[in-house]
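Here it is: the structure, laid out below.
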Amino acid sequence: MQVPDAPAATRVPAATVNAALDAVRNGSADAAMVPIENSVEGGVTATLDAIAGGDELRIVREVLVPISFVLVARPGIRLGDVRRVSTHGHAWAQCRLWMDANIPAAEYVPGSSTAAAAVGLLDPDCHYDAAVCAPLVAQERPGLPVLAENIGDNPGAVTRFVLVSRPGRLPERTGADKTTVVVPLPEDRPGALMEILDQFAARGVNLSRIESRPTGQYLGHYFFSIDADGHVADQRVADALAGLHRISPATRFLGSYPRADRHPVEVQAHTSDAAFAAARAWVGSILDAESVQAESGYCASPTA
Amino acid sequence: MQVPDAPAATRVPAATVNAALDAVRNGSADAAMVPIENSVEGGVTATLDAIAGGDELRIVREVLVPISFVLVARPGIRLGDVRRVSTHGHAWAQCRLWMDANIPAAEYVPGSSTAAAAVGLLDPDCHYDAAVCAPLVAQERPGLPVLAENIGDNPGAVTRFVLVSRPGRLPERTGADKTTVVVPLPEDRPGALMEILDQFAARGVNLSRIESRPTGQYLGHYFFSIDADGHVADQRVADALAGLHRISPATRFLGSYPRADRHPVEVQAHTSDAAFAAARAWVGSILDAESVQAESGYCASPTA
Amino acid sequence: MQVPDAPAATRVPAATVNAALDAVRNGSADAAMVPIENSVEGGVTATLDAIAGGDELRIVREVLVPISFVLVARPGIRLGDVRRVSTHGHAWAQCRLWMDANIPAAEYVPGSSTAAAAVGLLDPDCHYDAAVCAPLVAQERPGLPVLAENIGDNPGAVTRFVLVSRPGRLPERTGADKTTVVVPLPEDRPGALMEILDQFAARGVNLSRIESRPTGQYLGHYFFSIDADGHVADQRVADALAGLHRISPATRFLGSYPRADRHPVEVQAHTSDAAFAAARAWVGSILDAESVQAESGYCASPTA
Amino acid sequence: MQVPDAPAATRVPAATVNAALDAVRNGSADAAMVPIENSVEGGVTATLDAIAGGDELRIVREVLVPISFVLVARPGIRLGDVRRVSTHGHAWAQCRLWMDANIPAAEYVPGSSTAAAAVGLLDPDCHYDAAVCAPLVAQERPGLPVLAENIGDNPGAVTRFVLVSRPGRLPERTGADKTTVVVPLPEDRPGALMEILDQFAARGVNLSRIESRPTGQYLGHYFFSIDADGHVADQRVADALAGLHRISPATRFLGSYPRADRHPVEVQAHTSDAAFAAARAWVGSILDAESVQAESGYCASPTA
């Protein structure tokens, strides 16, 4: 995994996204690497929901991981013998075409994760024959023969992971950054979603991801999970965030961090830090005017 | 004229709006009371243009003056004898119905101002018989008999005057204020007018007047003269002004001052000073985060 | 289930949402009742994705079903004996608080559906002790004792189902309708999402649901699934749909149908059918002008 | 004057813009050539107001006329002798720099028009010495010696004239057209000006002129006079006009006509006539759906 500082870290497995984030929150881990988005299946709702509530967390890095799947089986099983295949639902969805073409009669057995499905094959009582998992899982378990590689339907598929930690020092601004926020949709007035989007548009801040999620309270009550180009240390992003807070005071900041693709953000002159600084200085000079206003004296008036 | 502090001032007549404003700019007068808008004829372009350029000036007060016209004549002339009537073009336009009904054959003689037209009647060589002017002008010149009163076509007509001085202390915020700005329309991108209006709309600032004026350079090059509800000391107005400055750096602040009608400005919760202060504090707390970010250590990752 | 015309229909079970919709597409069923949204878990992505692509389908009715869960077990098992519980992941998520409070040590066994998990208990080889399912499933299977009722964490939870059929006659306009569309986000210009939302806002059409979904091609490529108030036979909705089609020609209409809550849509005067008809008639009268324009003859020009 | 078809017309002088337009309205003239905008002085309010009310008129052509001024005098007067100069106020404003540099002591005598001021010099009782007028006026009156040419302060100054006739056949679409409308600002809701501008922006229609004018009823009651790129026969313009009519039913169409500069209007794919036609056809196909909807029969439902 391409996490620059990760080699120094001790890796601690966690059963679920929630467990991983809980470990960060309670201090038993310093950070968690969790999937947030997948080019095929969309947002990872468990992650989106878990970081949107509870104690505050911060995304400090993002990583794009190409998605690759292998089919592993119990020792002695050949492809033609496979009757029941277990894996996580997302993985199953991404290999359906290959399954239909190669083992059309195979039945799907839901698994809590791809790794758990693979490891389960080693259990003598296992009630399925094969599992879909990542190549790394197969490598680490020599007892699991690989029946087929690259069985994913979309060769360009990618999962985006984020490294999440407790709030602390912000990652430095690099000029190629992303900022993630969670914005509950205010319910007291229509058009609030457009108002939210306008906070970004009016400052020339582009959005690279927007997802609606239910708050869980009732139908029609949403929050939005948004990735915006730029760093909160960029004036235009800070100004947009202030606008969001006014409209939706429960807006949550989830971090500013370098983009995995290192693509610098293009900024127009009128949304540059210089333009914001000049504008603030100008308004400040108006408000600072302190000399005494003429209250009486000579008043010229045209004889219109 | 209902200018609270005006009684203490010495009144100095000026031939034109430009002359009155020049007297303020060069210090020979402390303030000028000039007409800026008229419910019948619209913006007073001489005033709008004169305060939009040159050395900076500030509007410190506004006054609404009901428009009333009288017809004065040379001594000895009766209404039936009137053949030629002089006045300013705006005044003539506002009495046309009365003229058509009462002295339809009267010919119009353009005058540089209503007062000049009236005073001109006292000149033995005067080549017109009557003049349209304000009742006050007639009162001050006993030699000018009034042939008819209230001859304006629109009984509710009103002229808005503004008291203009050199930049100095801002009038205090009263909660029922107006702010006037001049915004040159940026030419480098389409939709700039909507961007300008959105600076106000996005902060819940209502506009009570908007006028386009040519910059004089070529067709299609405009500036906008705008009155907005609120005082620059209101956060939402200050924020809107900063937005204008970013979009159009030559934006000019012409003053914040009490409304003549004392109508308090209604403010929604999410555009109140409190909302702006809370938003700024929130963004500030994000930027101030100084504790050291975990760069290594335990990293929890779910076995997805 | 509160589907007015459903009693007359023969119910055909289908293993998955995709299987149910395929049955409609291939003609082996006339309609499918599928879940589309859940107040706790959000959009049902399988449904959203399945109706967004493939042969066109139409939503003709919506139904809101309160969510209620029971815990059923293998005969002879008491609550204190439960070690492993199977159900669908969504159901598990909605009963977590109850589980933590009552059988905290129970382990979760993923199931492909709540019904399958329940029925599985009747299998002698079943490797779990209990299942979470709907009360109806338990009623229909007398062999499954109910250990606990109403175990859902959110008593107001509701699932919204839609009745989907092949394109045909539109349900009649009732004045309390909803329209569902799928709009791929155009990628050739920034701000496209605001343009899409503005198509509704500019016609006074309120949105009750908006969900982003990946197209599956690559990260950042989305479509939006949107529910709007009103029927396509309402002029403002038809006009908004035409606007969407211009911006995103692959926009898909998924139906106009009566709201489950029978709440009439409020319409402002300037977005009423009458206003649209008057506007169209007015523009038509301009375009229909056919009399011959004066190309020569007398031309009056002021001597300015 | 560059009016293609004008040579065939008989020219009839009119005292004022109002008189010229009245002649068109009452049928004594077929068209009137009136100034509407001036690069130095801005909108010609007499024209803007006159065509915004009363019987409907149509602009059928526009002409750009370079502004050039000459100083003419009574016979025998030399430049050094000039004490009093008459002309229209707009002309005086445009020659001020030249006056200050060459005859700084000259006094201004208001005139009703530049031509009237020049012709007045031939009157033996004339109480001024010189007049500012157009070169053509001087050429047609050999008795008026020209003391100086090109005395305007802005050499690029231009006046835009429009040829106005009674409603009749629309000028043909050329691909380089302009459309003029008058839109009263609705008072019943804030933000109406942005709504009006959005009608154009949402269809990619650019504006080349926007002027606010008072309706004359009271302060703050405006109408907007707007020039938009394109012809009402362009779908995007027709659609924008329909939107204006909905928001402000008293919107007035003042004509679609070829641009004087022959600059073709650039149109984006999604605002082309083809895009509008495709969108309308698509919505039409939805509304035309006539086949009978399945009300009963087989209904597939997944066992979720």
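A few remarks follow.
Note that the chains are named A, B, C and D in the order they appear, and that numbering of residues resets to 1 at the start of each chain.
Simple rule for what comes next: a contact is a pair of C-beta atoms (placed from the backbone, for glycine too) under 8 Å apart; a residue touches a chain by one contact, two chains touch by 3 or more.
Treat the numbers as computed from the prediction; the structure is a model and nothing was measured.
Under the contact definition, chain A and chain C share no contacting chain. By the residue-number overlap criterion, the interface of chain A with chain B counts as same, with over half of its numbers used by both chains.
Centre-to-centre separation of chain A and chain D, using mean CA positions: 53 Å. Our note on geometry: chain B versus chain D, Cα centroid distance of 25 Å, whole angstroms.
Shown for chain B are the residues in touch with two or more other chains, namely 198.
Contact topology of the protein chains: cyclic, one closed ring where each chain has exactly two touching partners.
Pairs of chains in mutual contact: A-B, A-C, B-D, C-D.
Looking at the complex, you find that chain D touches chain B at residues 37-43, 45, 64, 89, 108, 110-112, 125, 127, 154, 156, 158, 160, 190-191, 193-194, 197-198, 201, 206-214, 216-222.
Only residues 5-6, 8-17, 19-21, 23-24, 28-35, 60, 88, 113-116, 163, 165-171, 186, 195, 198-199, 202, 232-233, 238, 241-243, 245-247, 249, 253, 270-271, 275-276, 278-280, 282-283, 286-287, 289-304 of chain A touch chain B when the two sit together in their complex.
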